[in-house]
Structure formats: structure tokens, C-alpha cells
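After this come two complexes, each holding chain A, first together with chain B and then together with chain C.
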Partner chain A sequence: MSDTQWPRYEVFQQETPDRPHRHAGSVHAPDAEIALLNGRDVFVRRPECSSLWVAPASAIFGGTAEELAAGAPPTGDVSGETVEFLVFAKVDPRGTLTHVGQVQAASKRRAVEEAVHACGPQTPFVLWVVPAALVTRSEPGEAAPLFSPALDRPYRDQAFYHIQTALRRLRQESGG
Partner chain B sequence: MKPGLRSPLAEALLALADDELILAHRDSEWTGHAPILEEDIAFANIALDELGHAALWYRLVADLREEDAERYPDRLVFHRPAGAFRNVRLVEHPKGDWAFTIVRQFLFDSAEQVRLKALAAHPQASLAQTAAKILTEERYHLRHLSAWVTRLAQGTPESKHRMQAALDHLWPLAGQLFQTLPGEAILVDAGAWPASPMLGIEWQAQVTDFLTGCGLTIPARTSPDESGRQIHSAHLEPLLAEMQSVARLEPQGEW
Partner chain C sequence: MTSDAERLAAFEARIAAGEKIEPGDWMPDEYRRQLIRMISQHAHSEVVGMLPEGGWITMAPSLRRKLVLLAKVQDEAGHGQYLYHAAETLGVSREEMLAALLAGKAKYSSIFNYPATSWADMGVIGWFVDGAAILNQTMLARCSYGPYARAMIRICAEESFHYKQGMEIVLTLCQGTPAQRTMVQDAVRRWWWPTLMMFGPHDAESPNTPTLVRWGIKTRTNDELRQEFVNQVVPDARTMGLSLPDPELRFDEVEGNWRFGEIDWDEFWRVVHGDGPCNRERLGARRAAHDDGLWVRQALEAYAARA
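Up next is the complex of A and B:
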């Protein structure tokens, strides 16, 4: 079967402005703008959120500590010019990938080396680098329409309606 | 609020609530069937938002009629016959293809945004606050819908064709959104409501700009269907039959 999916984007969510962005998961989208909207709908409808970043999965280089040590070459590397990379690391085996900072490098491979170096003696379990220019971010002014409505729902919980009780009684009355 | 205005205000808000309710039901029919998983989730969210907006308006109607704000909305939704609904015919139409749904939702949300902006400045605080609250969510809807209208209108020849066909069908129906609402004439005279035909001019200018910018053609003016909100198409009754079926199993039931 041919792959009819849109490209995959990784979504990073910031819960409050004083916390780092953390990897929330992936969405499919035809472009970054839709990826941002899909990320909002899939990951931040209920939980608290102040900002979202999305990056095409194809732009991300990294992997587990073992994979990085094995030295798999990055695909589609940047063009030799020094650019900024965002660094995401998982330092706790049960934690999530978290934005830990930026490095300047002329290639994805160099960016990973710089990032590992910057992490010091504690090598992360998973490390991702992504060119900052390929990250699409929600605008601060969009926080209200994008994220705040989810905090206050006017609907009733389904338990309000006592549906199970009512259906049981109806069944008993109809002798079913 | 002057006592004489309570009843017409309830009429006008009931019309807005019914629009939201019926559209929410049509939107919810996509759940599990949208073209891609992410959009399925997004559209289910939009349907749920519209249902929430309906609930807010029904609650205000209950207050104005001095009815129980918890129970009265259920009576309105589940125990009124089709002839008592005041929604526009635009929202009753079956969901059609994805282009039809996107164009309808875009026309509706953009219209709603124009009206809500005016209502957010209403002197009655509960109404102004409700409008402002709904407006926040509508800004997101409109962003989502605008993104899709642009991409489908400028996508493949087939997507463009389907979008134009949807617009041709829906444009005359959308005009009904800005017909004078039930109760509106008394409210406008008292300076307590924005006149719908005036809002309609603003809306039409906005969406014409946007849609033509996307390469779509606004249909030529056809003779508008002037029949009011008490007249419904054949599509409303089957919709209500499904929506009301459980509640009507036991009309006196405590749900």
C-alpha cells in the first residue's frame, strides 16, 4: 500500500512560560501552519499550555545514546554554514525529551557533538537537534485563542445524566 | 433591561443557539469519518465548541424566560418539534463532502465572528460576557477554517472544483444568517441589538475579499430566499428524529 500520509511533525509543548518546551508527540500535516493547529488539537485541548513548537520530523537529527555512538550519518544536513540548533534531551530514562538549550554548528553531526559536550559528564539517554530556522512557533499573542478556551468548558460531564441508571430502569420496565 | 425587551431578546438568542446546535450536530457526523486522524480530532473539537456555544445561549434564554437554567435547555433541544426551531437552513443541510463542510463552517464562523464582536459591546453584561467568551473560540475556528479554505481552494484542480461547487451551493443559503432575527426589530428600535442587515454588509465584504483572494468566485447574485427562520428544509426533521430519539424514549425521565 502506498503511503498517503502527510509528512510527520514533532510537537513540543510548553505548559507555563517559566518551563521548557517538552516533546508532546507527533502529528501529520501538509505544512507547518497546519502542524501547529493539529498539535493544538491533538495535545493541548485539556492540559495547560502557553506555547507550541513544531518541527518537521525530517529536519530532526539525533537518537538514543547507543545510536549516536554508532554514528549513523544524518540525512539532508545543513549546508556547511554555521546555524543555530535547538537541543532537546532526555536525561531521565522515564522522562520526556525537553528543550535544554541551543548550539551553533555547521552540520547536524557537529551540532550533536556540541550538544553532547555541553551536557557534560551525564550523557543524555536521547538527544535531538533541529535547525532553529525549521521550528515553527505559536505567537505569544495567539495563546488566548489557541490555548485558553480548553480550560473552561460549559458542558456537563456525562455522569450528570445518570444514563446507566435510566437505561437499566427502562430495560426492567420493558421486561428486557 | 426593560421588561418589554426580555421576550424579544430571548427570541433572538434562541435563533443563535439553534444555529449552533444544529451545526454542531452536522459537524459531529464527521467524527470517525474525517479525511485524516488529526482533522477528525480537530473537527470533533469544533463540533463540541459549537455545542458549548449553543448551551451558553440557551442558558441566557432560560434566564430571560425565568426558567430553570439547568433543565430548560434540555427541553428546548430534545422536546421541540422541527417547526419550533429557529435555525437557518444553511446548518440543516447534510454534511456533504469535506469541501462542503469546510466552506459551510467558514461562512458560519466568519458570520458569527462579525455578530459576536458587535454583541461583545452589548450594555447587558451577561450577554456581552457570553459573546466575548464565544468570540475567543471562534477566533481559533476561523484560523483553522481559513487555513483549510486557502489550501483546498489553491490545491489540486479537483479540490478547487469541489470548493467552488460548495460555495455556489452555500452562498445563497448563508445570506439567511443576516436576515433580521426573530424579535430583532423591537430590540434594534430600543438600541439593544446590532441590526443584522448592517452586520451582513460587513461580513460579505470580509468573506468576499478572503475567498476571491483564494481564487474562488463569489456566485452572482441570485434571487434570495426570503422565507424566515420558521421555515425549514426537509433535512431538519430526520436530524432531530435522531438527536431527540433517546430523550423522547421517556419524556418525563430524569436524565
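Up next is the complex of A and C:
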């Protein structure tokens, strides 16, 4: 197993507490706990994160507007008890998948239908639903140890360097 | 039933309208193939790109320089991961891509097959190599494929730091002792031509370019980007009193461009085909890193499998 790839987790990042989680990318990990740590290492090297969520890619259902219109049923979808699904949508043609809310549904297909309905007349460019119970979230109490190390590293920010000022000074000195 | 011609027309209309193509959307096989080729090569370049600088972390001349270099190399590891993610959305697995890299079958930017032999190289790599990469990546941030464009937006923001920290090293050495000036001038001499090669073959020799431009994968050609790079670097080099190793370099008043001499394309192809100064060393270092990491992967698996 050590030389084959681990399951993929999609990572959602919240930059500040007042903004929604947005899709950042994916990581591979042997479990959700490590996925959260890998997500932190890959996506949070700079101080722009207050919370991370990870969800196994296999638990996500939905697709692009094109795929939703084609209406392929989700694989392994069984109706069960009604549960909560988180809904992510890309509504801007140049945007990113963003957490837009929750729906209650008894199957993945119903969750997508509910989510499309909740988005209003304009079907999003991309829509994902994921059972809330399968999303692993960074604990609010862990935010400081997880994300604050990035705060102490101002040299990672390009504004830390004053290159143009230095070049301008050199030009003046050389009379150019 | 929609025909492929109709699908292609709809696809091209979406790109013309500035929409992003997303994973799962219909796309021509050639679009998918070209993107997998470009994004995986780009990911490998970030991963191999850690090596020339990684060797200097323990030799950095101060704690500040060490922290900065460490942060830069760590960013490159992250950039490789963003890009493997983007390539994966096209149906290729990370495992396949990494296996191809370790087997020596995958291409990556030839610039990383040149050795970093002095501390001044840490400055000049930031100034030249990251400067060149930023021009290419700023273009790719407008690419028609959503996941690649979004990865590039993240990367561009971080690359500005890479460029500036390098430029700061160059500026410091230029204002230092005669030995430091000699060291930085030597680094400029060694890195100039390999950096110009980073933009790839001339447009006339670059058969993929028209298709890539039409589908909004690239929006500018290799020669356009190379010219912009030269125009950007020459004035800064002059300001710092550094000379570039090209006797044909001159300003063309009519075009408003710095004209430069011909690139040694024999050298370019030799390095691309595996016969550069460090090709074997880089691959060896990657394989050793993979093998040495085995115990970490095993430990994580044991932890995940705990009862």
C-alpha cells in the first residue's frame, strides 16, 4: 500500500470567519485527520485561514451544469433516512466552488435536486453536495495552533521586500 | 444526439465568452491531452525545482536567509501539490505522474538540470528563473481550464515573494565586497542563457502553440514572453552594474525591444533529452527522497489502520 496512492480528499478553506468556505484543491491521505493536516501544510503557508474542511472525494456528488443536465444518477445511491448535505456551488463563470448552504435529503440524487432548486433559476456552473457527517472540520479551538504559525513569517509576503525602492536609489546614485 | 462538431463549437464558444471549462465538462481529447502534458510537467518542475536551492539551505549565510530559503523551497513543494491536483481532475492519477517522474519518463523544466554552485545562484535563480516563471504563470492564470487557472492564481501570489527575495540577494551582493560582486556576476553569466531557454523553442518550431492559443490554454507565445523577460531584466542589470553574456544585446528604438543573440538550441535539446549537467543527479535525489520517505508512509498507514 505504501507505494500506491491514498484516497483523495477535497479541501475547503475559509479565509476569515465572516466568509464562506471555498474549494482550495485536494490532498491524498490515509484518513481524514491526516487529510486535514496535509491540507494545512499544502494550502495554509500564509496567514489567510480561519477554518479548513476536508471531505473524501468519493462522498461528493454533483457536477457541472452540463453533467447535471445529462442527469446521470449517482453510483451506489440508496435512499435512507433524511440527512444533512452541505452544498457548494460555482455561480460566477470565473469563480470557485463556494459553500452556499445546506439541504436535507434522503439520497444523493434528492440532495442535488434540492440544491439546484435552492440555487434559484440559474443553475450553477458547478454544484457539489456532500453528506455533512462525512465532512471533517478543524476545531475552532485548534485554529490557533493549526493556522497561526503562518502569522510569524512575514518574510513569506512579497511586501516584506523593498526591491523597487532599492533599485530607484541605485539609479539616482549612478545619475541615471 | 449532439455531434462532436456541435460540441466542439459549443466548447469553443464558451472559451471565447471567457467561461472556464471545469472537470466533467465535455472537452476535445486533444485539449485534455495537452493540459495533462503541460500541468504534469509544470508539477514535476516545481518538485525537481526544490533541489538546486534545497542544497543551499544549510549553507545560507544568516538565519534570516535560511528561513527565507526554507520558506521558498517549501512553497515549491506546495505548488507541485496544487498542480498535481489540477492534473488529476483531467483523469490522470498522482500515482501515475509520480511513477513517470521517478522512472525518468516525465519531462520537467530543463533549467533545474543546471547546478547551483554559489550562494549568488540563490539570488540569480529568484531574479531570473522565478522572474521568467512569473511571466509564464501570469499568462496561465487566465487559462481556460478552471482548476489550472485557480492553481496559477495561488502560485503567482506566492512567486512574487520568490522573485523579490532573489532580487534582494542580488542587490546585496552587488553592493558588497569585490569578491561578492565577482560571485554574482559569475552567476548571472551562467544562468542567463539557460533562463532564456525556459520559454521553449521559437514560435516557428513550436507546433502546439496555435492550438493552445485557440483554446485559451496559452494566450501568448514563447517568443513574446521571452522578449518581455529580456526587456524587463536588461534595465535592472544595468542599474546594478551587471553585464549579461550576450555581445549582440542592443536596444531597438523602432521596436522598443532589447534585441538579443541566438540561443544555443543544440544545448537546449541536449538537456531536454537527458544529457544536461545534473539530469542524473536530480532524478537520483528524487528517487532517494521517495525511498527515504517510505517509513513515513508506513507509519501514517499504521496510524490510520489503528483499531
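The definition used in the following text is that the second predicted complex is superposed on the first by the 146 of 176 C-alpha atoms of A that agree within 3 Å, B and C clash if a C-alpha of one lies under 4 Å from a C-alpha of the other, contacts with A are read in each partner's own complex, and residues count from 1 in each chain.
The definition used in the following text is that contacts are C-beta pairs under 8 Å (C-beta built on N, C-alpha and C of every residue); 3 or more make two chains touch, one makes a residue touch a chain.
Treat the numbers as computed from the prediction; the structure is a model and nothing was measured.
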| item | value |
| --- | --- |
| First (chain B), second (chain C), both or neither touched by A:42 | both |
| Chain A residues touched by each partner, larger count belonging to chain B or chain C | C |
| Contacts of A:60 with chain B and chain C, given as first, second, both or neither | neither |
| Touched partner set for A:34, first chain B, second chain C, both or neither | both |
| Chain B versus chain C as contact partner of A:93, first or second or both or neither | second |
| Which superposed partner A:129 touches (first chain B, second chain C, both, neither) | neither |
| Partner chain in contact with A:171 - chain B first, chain C second, else both or neither | second |
| Which of chain B and chain C A:25 touches, first, second, both or neither | second |
| Touched partner set for A:144, first chain B, second chain C, both or neither | first |
| Residues on chain A lying within both footprints (that of chain B and that of chain C) | 5, 27-31, 34, 41-42, 45, 153, 155, 161, 163, 166, 170 |
| Chain C contact footprint on chain A (complex, rising order) | 1-5, 8, 25-31, 34, 41-43, 45-46, 63-64, 66-67, 90, 93-94, 96, 125-126, 153, 155-158, 160-161, 163, 166-167, 170-171, 174, 176 |
| Complex contact set, residues of chain C against chain A | 17-20, 22-26, 64, 67-68, 71, 74-75, 78, 81-82, 85-86, 88, 93-95, 146-147, 150-151, 157-158, 160-161, 163-165, 167-168, 171, 236, 238-241, 294, 297-298, 300-301, 303-305 |
| Parts of chain B lying in touch with chain A, wherever the complex brings them together | 36-39, 41-42, 45, 48-49, 51-52, 55-56, 136-137, 139-140, 143-144, 147, 151, 249-250, 253-255 |
| Interfacial residue positions of chain A with respect to chain B in the complex | 5-6, 27-31, 33-34, 37-38, 40-42, 45, 144-146, 148-149, 153-155, 161-163, 166, 170 |
